[in-house]
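Pasting the structures in now, so scroll down.
In the two assemblies presented below, chain A is common to both, partnered first by chain B and then by chain C.
And now, the complex of A and B:
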């Protein structure tokens, strides 16, 4: 009889049940979409903030005295203090290798152009292809680390083309002063050797790089006779905003207890990533670029907090919406409940009947809503960040609990109020 | 009793007597209106607030002397007059001179510490910012090179030279000054290779005042606005050129556009879903009254008068719910702003009528569909309950 009544309710009151299911589905989809976006927004914003460039620099230990202070003494001041080029691949083998988005080595030397003009030549990777020991491949270099460069003439140097091994890119100020255009061949005379390079592009960087020439690593190593050496590495890594533990560890990792050390080492703090880079690169000092690392943390935190608060608003809104409608739909059945009481149904039977109906509708609505909401999250992910929002398993129980709680909260008080009424009064229609 | 009086009496009576249902409807509308006004306020305020957060990246405009040479404070002030005072977050003038400490050549920068602090919030200081005259801020590299600790006293020497006729430097005399290390600066960048002192101290040491090599400006605004300020400075002032720090401005506009798009899309989706939710609740509340509509029709009421009465109710509910929601929404936006950005939010008067109008429209639309379907049916069928 119970099941027959339930089935009857669904077939005969199809319109009404559909409406309740629709509202629950809407609420659930809202909750799903917002929760999914909220859990993923930190990673997505961190990716976007990579446009500011590297947040870690690695220099040789002895070169802590940087050469631009001593450029008067000539380019050889820091001789002997170099990092090893053959160790670069190791950066992608550290514990947080997955968080290393991009990196590029740098070496620079002063060279003179054909007209005698002195210019700083920087050797680096542009879009270096690497096959990692893990079997992955990676394309990394300044093309990703200097997103703010405007190529005013020509194109980016492309390392995958054999011709570009003898090419270079020229800063806007140098190009203007020396009258260099894309397509020209320039002769560079370095301290140890000379070379002729083809200019493939002119860039406008808006900073001191405008006064430099960027060339492939091997070319600059040839100019200064420093084969296999790099003078610094810029690393762009996804990091977790620093907390008190990270600050303490950054000062001295040895001051931590064993368990704290483990927590720190296994969290993607900028300081632990620096520490791990120092472990794999011989005689290196890795330090966070505060301008990028600190600001990144602050902005990520703010965005996450903002999304959490909007999510709470959406959850409260959808919760109220669902429980509201459930209340309305139960209240409307006063006649039916009065009649059932009048013909002798006990309170428990009536409550059971009403709740079962609501819960079935709720489950149907929640399942539909979950998938719809996941779709909404993907719309947001693709149109804002151009990538999918990761499906977080944690969202399913949260949405399920939310739907069950709000439907029960919406229906139980209403049912109780109706049960308290005298059937005669209800049936009389007052 | 006039017709109008009767109309109002019916509306108010239905609201008062059916208190619980009307409360349900009102709550639904108020929740919708709260989300509407709250999210729209946040949407409009996020770029401004987030823009302020992005100033953490430091200076986004620098002033350089035109050609070679130096410029002075008056020119910085003239340049600043081209930028609205409210958008200027920090101004830090710098002057660089070579000094020697323990016979080591070191570049010393003179600046206004408060300005440097505002323009470069990411500077991490071990110790204190120099507050009094005679205090030094040491770059980390320099501190390591000199193996100096906080609180140490250093003798800063500056060789005063003069150019003679054949442009070779002529040594005149050496000034020296004992200074205390107040803090050690860590940035991970080239700032670590300098020492910083108050402008007055450097001027006393070099016996020349007013000269600046560069001024760093941290200005809040979009890339286009900043370019506008820079252009007007370059056009009207001869002594200085303003340049944007492209790395900061370009990246900021990329990220900020994305964030704004995120909030916009979230707002649109949340609003659309909430409004449908409000509409279904209203529809449920109205559908319940089919019997009443049938009875009224049987008694001879015209369709138009029934629709008008329901619309009147919807209007009243929309008005009250919208008003309630607009206030609650502002309170929510304010709470968000205070919690996330520790900053208060401006009330947008225009949002009040918009919220109310949207609530009225949504409730009206949600009412009219079930009422119409009820009035279309033969009253006998409705009353019979089929």
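And now, the complex of A and C:
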């Protein structure tokens, strides 16, 4: 009979039950969307922040010592101290390889143009194709690391085109001073050799790079006779904001206990990624670009805090909505409950009936709400970040527990009122 | 032998004496109509007899048990086991069919038995309306479902509150015929009504006024 009563309530009050389920679904969808976005916003914001360039620089140990000694950051590599070009692929083999979004090696030298004008020439990767030891392939270089460059003439140097092996890109200041235009050929005379390069593009970087010429790595190595050498590497990595553990580890990883070390090593802190890069690049010092890393950390922390607060507010709001609706729907049935009491139903029987109905409606609403919420999350993902929001499995139990708890907690006042209900009041209308 | 006995029963709300030292005995198998105008205390008396309210003072003995001293939990059990209730507004569950409404009373009493519920409906002339929802039944049919529900657990006392108050004359006669039949079968009936015609067909009429019994008489046809 219990199930006939439940079935009767659902089949013959379909519209009413569906309305309650849809309201619960609305709350659940809000919770699902916000939780999915919240869990994914860190990665999404981190990806967005990568457009601001590298957050880790790798230099030879000797250069780093000099930098530290003279408290100069980003200084030139010490004379004769270089990193090995053949080790560059190893960066994509570290534990956090998937968090290495882009990187590019750099070597620079002074050269003179045909008119005798001195200019700094930087050798690097533009869109370098790499076949990694893991079997994966990667296209990386300054085209990804210098997204803010404005190509005022011509185009980006394309390493996949054989002709571009003898090409270069010229900074806006150099181009203006020397009257260089895209398509021109320029003669560069370095300390060890000379070369003729075709200008494929002129860029406006808004920084000191406007006074430089960017050329393929091999060309600059030829000018300075440093084949197989690079003076620095810029790495753009997805990182987790530093906490106390990360700060301690950054100072001295040996100060950590074994479990702390494991936690630190297996978390994408900028310090642990730097540490792992140092493990694979010989005689290298990898250090975070503090301004970028700190800003990223601060922005991500604030974004996540904002999302958590919005999610909590959304959950409280939907919780109150569900609670009110459940209370209203239960109270609407006071006549029916009064009758049940009058014909001998005890408190347990009434509570069981009401809660079973509410839980069933809650489950239906939660399932509908979960899928609707996932859809909402995708809309948010595509409209805000331009990409899909990853479906997090942990959201399912959270939403399920949330809906059941909110629905049951929301029903407590209504059930208490029903249990106190005087059948004479509802049956006689007084 | 008295099935129901009220001894000096009073119910006081503030300064209002809804019932004022009422003494009443109802024997097993008796059909008693309780009459009186609005505010005379009829419904208060029905609530107390029906274990849905307690008197301020006095004793209410139902089958020898003083229900005025029982807890709410015990009153629910007594109501379930000994009393069948019939309401003026019928109070059927709108999403359950006629037979399911009857079975609901069985469910809260013991074990639902659809065949027995159908027999109860047949007894009130509704065998062919068993699968209908209350909204598909007329007022008289709904009241008959209510009577079948009240009878299904073989109560010792059938308590009806204005059972014909919402019915037309034809349906009123149908219900009174059922009561008459039940009375002949030995069912004890207490019917609260303000309608003299309904009271007249009962065996005995008790008239209330301002919370007191004004008259208590056997009706024509039952006088010995």
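In this text, the second predicted complex is superposed on the first by the 414 of 430 C-alpha atoms of A that agree within 3 Å, B and C clash if a C-alpha of one lies under 4 Å from a C-alpha of the other, contacts with A are read in each partner's own complex, and residues count from 1 in each chain.
Keep this in mind: contacts are C-beta pairs under 8 Å (C-beta built on N, C-alpha and C of every residue); 3 or more make two chains touch, one makes a residue touch a chain.
These numbers were taken from a predicted model, which means no experiment stands behind them.
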Superposition on chain A - do chain B and chain C clash or fit: fit
Touching partner for A:331 - first (chain B), second (chain C), both, neither: first
Partner chain(s) touched by A:378 [first = chain B, second = chain C, both, neither]: neither
Partner chain in contact with A:288 - chain B first, chain C second, else both or neither: first
Most chain A residues touched (candidates chain B, chain C): B
Which of chain B and chain C A:4 touches, first, second, both or neither: second
Touched partner set for A:13, first chain B, second chain C, both or neither: second
Partner chain in contact with A:112 - chain B first, chain C second, else both or neither: neither
Touched partner set for A:342, first chain B, second chain C, both or neither: second
Angle at the Cα centre of chain A, taken between the Cα centres of chain B and chain C once the superposition is applied, in steps of 10 degrees: 80
First, second, both or neither for A:206, with chain B first and chain C second: first
Chain B and chain C, minimum CA distance [Å, superposed model]: 6
Of chain C, residues touching chain A in the complex: 43, 47, 50, 52-53, 73, 76-77, 79-81, 85, 87, 89, 91, 93-97, 100, 103-109, 112, 133, 149, 161
Residue ranges of chain A in contact with chain C within the complex: 1-2, 4-5, 8-9, 11-13, 335-336, 338-346, 349, 422-424, 427-430
Chain A residues touching chain B - in the complex, by the definition given at the top: 16, 19-20, 22-23, 26-27, 29-30, 33-34, 37, 41, 45, 48-49, 51-53, 56-57, 64-66, 68-69, 147-148, 150, 204-207, 287-295, 298-299, 302-303, 305-307, 309-310, 313-314, 316-318, 320-322, 324-325, 327-329, 331-332, 376, 379-380, 383-385
List of chain B residues in touch with chain A within their complex: 20-21, 24-25, 27-28, 31-32, 34-35, 38-39, 42, 46, 50, 53-54, 56-58, 106-107, 120, 122-124, 141, 144-145, 186-190, 193, 243-251, 254-255, 258-259, 261-263, 265-266, 269-270, 273-274, 276-278, 280-281, 283-285, 287-288, 332, 335-336, 339-341
